[in-house]
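Here come two complexes built around chain A, the first alongside chain B, the second alongside chain C.
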Partner chain A sequence: MKRDTRLAWINGLLLPLLNVLTAFAATAVLFLLIGVNPLEAAETLLYGAFGYSEGIGYTFYYTTNFIFTGLAVAVAFHAGLFNIGGEGQAYIGGLGAGLAVFMLFPELSPWLMIPASVLGAMLFGGAWASVPGYLQAYRGSHIVITTIMFNFLAATLMVYLLVKVLREPGQMTPQTVLFPDNAWLPFVHDILPAFGLEMERSPLNLSILLAVFMCFLVWFFLWHTRLGYAIRVTGLNPHAAVYGGINQKKIIVVAMCISGALAGLVGINELIGYHHRIIMNFHLGYGFGGIAVALMGRNHPFGIVIAALLFGTLYQGGAELAFEWSNISRDIVVVMQGLVILFCGALEYMYKPTLIRWLAPVQEVRS
Partner chain B sequence: MKNTLISKTIKGVSLAIATSALSLSAMAADIKPAVVYSDAGKFDKSFSEAVWNNGVKRFMDETGIEVKEAEPTNLAQVEQYLKRLAKRGHSPIVAVGFSQTNAVLAAAQEYPDTQFTLLDGWAPEPNVQNVGFKEHEGSFLVGVLAAMKSESGVLGFVGGMDIPLISAFGCGYEQGAKYQNADIKVIQNMTGSTPAAFGNPSKGAELTRSQMESGADVIFAAAGGTGTGVYQAAADAGKYAIGVDSNQNHLHPGTMLTSMVKRVGEATYLSYTSAMEDNWQAGPVTLGLAEGGVDWALDEHNRPLITSQMEARVNDIKAKIIAGDIVVHDYRTDNACTY
Partner chain C sequence: MSEVTTLNDMWMTILLTLDATIRLSTPLVLAAMAGLFSERSGVVDIGLEGKMLAACFASASVAHFTGSPWLALLVAVFISLCLALVHGFATITHKGDQIVSGVALNILVSGLTIILGLTWFRQGGQTPSLSGDGRFFSIDLPGAELMQNVPLIGSLYKELLSGHNILVYAAFALVPVVWWVLFHTRFGLRLRAVGENPKAVDTAGISVNGLRYRAVMIGGVLCGIAGTYIAIAHNAQFTRDMTAGAGYIALAALIFGKWRPVTVLMACLLFGFLQAFAMRIEGVQLPVVGVIPVQIIEAVPYLLTVILLAGFIGKAIPPKAIGKPYVKER
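Showing the complex of A and B:
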């Protein structure tokens, strides 16, 4: 019993922390090699991400996207599925959100319009993910292959729609007309003054509340409902699931639908919350980033929030670094993010044997 | 400890800003120019690099004025950078590429006293100069050259991302080729439907090889960084290729027939110099053959490939387009290649 809690502590907290620190150490070496003082660079990064209200806004705006895709990857992962189609599901989710807005009456109250667009995003994202889910469950096509192929299908479909069908007349850029303003999710910098707080303009919008709400929902769903239990059993031991009377095929499709629906919410943060029209490529990077976020967050909503915040910080702070330092190009920032993914994802258990030997040695003797 | 570091950094940064500001005011009219590159990156061997080479770098070398550069990785960053630059008093700010349109709109509304120059996009604000290019005219010319050079009667076109802008290149090319030889066949392929299609040389080479298998012997690439794969594949097979945006004739002398140059760098340079001379103007600026905004490239690298007959013919057609005797259809006006 004692060993279990100790291992959970090592797995859940110490290991991710050490991994992140290793990644930072490697980044510091890299900075030294290109002649940048790592401490000063860290100052710039942290100041950029948290030093002023606009930066904070951007950080949390990126974080919101990563929470959605991180949750999406996590739900699929609990069912034993590796959903790497978050990109496509987010893209199509945005289409669903936008179409909901365009199909409804323009004079509809925002209280109905915005939930409708959220529903549209989840429906489209979920439907998009259900096809690979179905193919995996009933036809044995591997989910990794099909979801990544669906990313390309999504990109092609969106370009077709934005160029040929939905494009704003007279505009060169493939994008739709602006949404009517009853479909705009309020910006945080517009809301805060009502509470006597001031904030510079940033893309941060109320989607972040939706993200937090979704974290609770996913946590409750996975650990406190029957369906959530069935998903986890399917992931942990498919044979036990079958033996326990769980319809594994159905669970795979359902888990993929939920996963896609969560990824689709990126469309809410990006389109309903910020761009206010359907544009191209608003989703780029978040679907794949979500994989790293879920891995680092140990597929738990709480961990995902922390990991998403780390990625949001790296995105915004990294942008600040590339902007302020002439010898740090944006590619170095990508390398930095890559190092975090490398140490937290690919090498996540590197320290585990050592840590167990140091911190929980008694139990090894016992077993 | 931490505080001293922070203040040290801030001091360092403000010192850097102060010194750069000093060197500005030492030079002519006090402008603080800036540029935000496209999200394909500054060194894409093509579009953004032309802005750097022929615009930003040239301006810095000639005037000694520092141009603040920013390389965004996503769309939210584009707006962030544009606003940040405006906030710090930079003007004019050149925004590279159509994908920055919305960001320029937002930034221009928030900073009405800042001059923005948008390349390839359309942001109708009183403080935005919208620079557009008649890519179809330049593509028409290289189409004529390709049709004259082709022995098989089949031409190839490899586009980058499947968007109207790129189709305009392909459509102009096809019109030029058909104008020269009504029976000629033009095979057109797009590399993809994401921005990655502008940076995928191996896919470009693959498309080129399949076009050559179908008989194409001159291939025009309008695909940014993807083009390098197209030129390599053509050179390997001993067929001809046509470059784009920058003058790319030097890449494979002997097989690079010509390049359809789009003078984005010059547009950038002009934007800065006109601001220095205080005659920068907002509104639409369309640069076609007449304005020298697009052209075909002839230099020592492709001189042996262009016969005097070809040169005379293409220059004659160029004059006719400028005079309005030949009207090249722009794909973007009706989303169709009808002519």
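Showing the complex of A and C:
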């Protein structure tokens, strides 16, 4: 029995920590290779992310996106599905948010307009993800391949729509007209003065509250509702799910819908919150980033917030690094995402045999 | 007279489109064959894209520094092979999730190539464009000039078959070789067996992991060639994310061709043709249908794959043990 309890803390705590540290160490080696002192880089990065209020704003703005896509990947993971279609679902979610705005009267109260756009984003993102979900559940096509294909389909669809259908008349840039003022989610730097606080202008908007709310909602949903339970059982043990009377096919579709709806909310932060029009490629990288966030956050909303904050910090700090060193760009964050996915995901159990040999050698089995 | 010239023009347009098809299909064929080996052995390879991109960068860099395309090819193959080994280490040795590992490599490479490019060349992540040396040049097949006056066949020979570079010919010559290896050698038999029923292979005393490592490594080599082709034969420099989804289209072709070399080749040619066709008809007023948006044609490979996977046109049945790490019983 002793061995089991030891395994729990090795698996649950030591292993994830070692994996993240390995990813960091690999990044530090890369910094050394390109002739940058990793400690100096870390200092610059932290200053860029938290050293001044505009930087902080950007950090949390990026964090918001990563929370949405991280949650999206996590919900699918809990159902045993690997949703790498976050990119496409976020893109189409933005389309849904924008179309909802354009469908309504420009004079409509923001109290109706903004919820409608949120609904539009979730609906479109969810619908886009439900097709691969349906095909997985009822036609047996592999969710990974279909979601990849749907990313490309989303990209071509959006290029088509923005170039041919929705483009602002008389403009060359493939983007729509500005949303009416009533569809603008307030910026945090506009709200804070009401509470006697000052903040420099940044894209940070109230979507971050939505993100935090969604974390609670996902946590409550997964661990405290019947449907959430059904999703987790389906992911953990499909046979048990069937035996327990859970309609596995339905659960797969539902889980994908929820996952896609969460990813679609990136469109709210980006378009309703900041750009105020539908633009090209606002979603780039967040869907894939969500995979790293979910893996690092162990698919738990709390862990996801921490991991999203880390990647938000890296994203904003990475921009600061680019000012300081000419051979660094924000792509360094992409490298880190790759390393995190590699070490926390694919090589999750790399250290396990060694750790067990050192810390919990097999003892006499007593029966 | 004018009718003859329009007919001639049309013939040339067709030939040029087919010529572009061959050039665009080449990396797809190489990458799809790489995926074929890997997936036939039971290892999913989402990382085709990343390995190709890494090879693109490696070959363009080496070609810039040394001026030797062959050295560039060698280094690119080596780099791609290293990535394949990382994939193998994660998924075969440590039984990690094959898809997660592939995604990790793709993301890692797309960032790493830019950072290294910025460090070495300071050109915004690109490599300097190659002039003259350092590229693979087109080869004129014997008699191409002589043949060109022969009607139809002459132009067919000169425009379509002749005038490609060595990697194109290598890619298409590879397909029958893959077919022969897979279906007519002992290695091929074992490879297919390990993708269908690894336990049986293990029981016969053959190393499952050894076979899978070999398959993944072959995939690495082929992706290296594909990337080299894209960077220094088809183009003349490395640019950000220049593979532009070719790895995923190759994956789609692999599924569309149902994991069989010759049908996979056909799928690659079809997808290559669609790309060539999309380029040719961009903005052109066609009879009856008018201007077809390019995006619709670009979306066809993805749509076709989704429809096929859903079992609406035929059924794509993957190797049975695909995606599952093999755990030896003790």
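Throughout what follows, the second predicted complex is superposed on the first by the 325 of 367 C-alpha atoms of A that agree within 3 Å, B and C clash if a C-alpha of one lies under 4 Å from a C-alpha of the other, contacts with A are read in each partner's own complex, and residues count from 1 in each chain.
Throughout what follows, contacts are C-beta pairs under 8 Å (C-beta built on N, C-alpha and C of every residue); 3 or more make two chains touch, one makes a residue touch a chain.
Note that this is a predicted model, so its numbers are computed, not measured.
A.B. asks: Just from the overlay, do chain B and chain C fit on chain A, or is there a clash?
C.D. replies: Partners clash after overlay.
A.B. asks: Of the two partner chains, chain B (first) and chain C (second), which one does A:Thr44 touch, if any: first, second, both, or neither?
C.D. replies: First partner only.
A.B. asks: Is A:Ile191 in contact with chain B, with chain C, with both, or with neither (first, second, both, neither)?
C.D. replies: The answer is neither, since A:Ile191 touches no partner chain.
A.B. asks: Tell me which partner A:His142 touches in the superposition: chain B (first), chain C (second), both or neither.
C.D. replies: Once the two structures are laid over each other on A, A:His142 reaches chain C alone.
A.B. asks: Tell me the contact category for A:Ser329 with respect to chain B and chain C: first, second, both or neither.
C.D. replies: both
A.B. asks: After the superposition on A, what does A:Ala360 contact: first (chain B), second (chain C), both or neither?
C.D. replies: neither
A.B. asks: Between chain B (first) and chain C (second), which does A:Phe282 come into contact with in this model arrangement: first, second, both, or neither?
C.D. replies: Touch partner of A:Phe282: chain B, not chain C.
A.B. asks: Can A:Leu295 be said to touch chain B (first), chain C (second), both, or neither?
C.D. replies: second
A.B. asks: Figure out whether A:Tyr58 sits in contact with chain B (first) or chain C (second), or with both, or with neither.
C.D. replies: first
A.B. asks: First (chain B), second (chain C), both or neither: which does A:Glu348 touch?
C.D. replies: Second partner only, chain C.
A.B. asks: Of the stretches 55-63, 163-171, 181-189 or 253-261, which one in chain C hits chain B?
C.D. replies: 163-171
A.B. asks: So which positions on chain A get touched by both chain B and chain C?
C.D. replies: Residues 152, 156, 159-160, 163-164, 326, 329, 331, 333-334 of chain A touch both chain B and chain C.
A.B. asks: Give every residue of chain A touching chain C within the complex, in rising order.
C.D. replies: Those residues of chain A that touch chain C are 30, 34-35, 82, 84, 135, 139-142, 144-146, 148-150, 152-153, 156-157, 159-160, 163-164, 288, 291-292, 295, 326-329, 331-339, 341-342, 345-350.
A.B. asks: Could you pull out which chain A residues touch chain B in their complex?
C.D. replies: By the definition above, chain A touches chain B via 39-40, 43-44, 47, 54, 58, 61-62, 152, 155-156, 158-160, 163-164, 171-175, 201, 203, 274-275, 277, 279-282, 284-285, 319, 322-324, 326, 329-331, 333-334.
A.B. asks: Over in the complex, which chain C residues touch chain A? Could you list them?
C.D. replies: Contact set of chain C toward chain A: 44, 46, 86, 89-91, 94-101, 103-112, 114-116, 118-119, 122, 125, 245, 248, 251-252, 255, 293, 295-296, 298-299, 302-303, 305-306, 309-312, 318.
A.B. asks: Per the contact definition, I'd like the list of chain B residues that touch chain A in the complex.
C.D. replies: 5-6, 8-9, 12-13, 41, 69-77, 79-81, 83-84, 98-99, 101-102, 110, 120-122, 132, 161-165, 192-195, 332, 335
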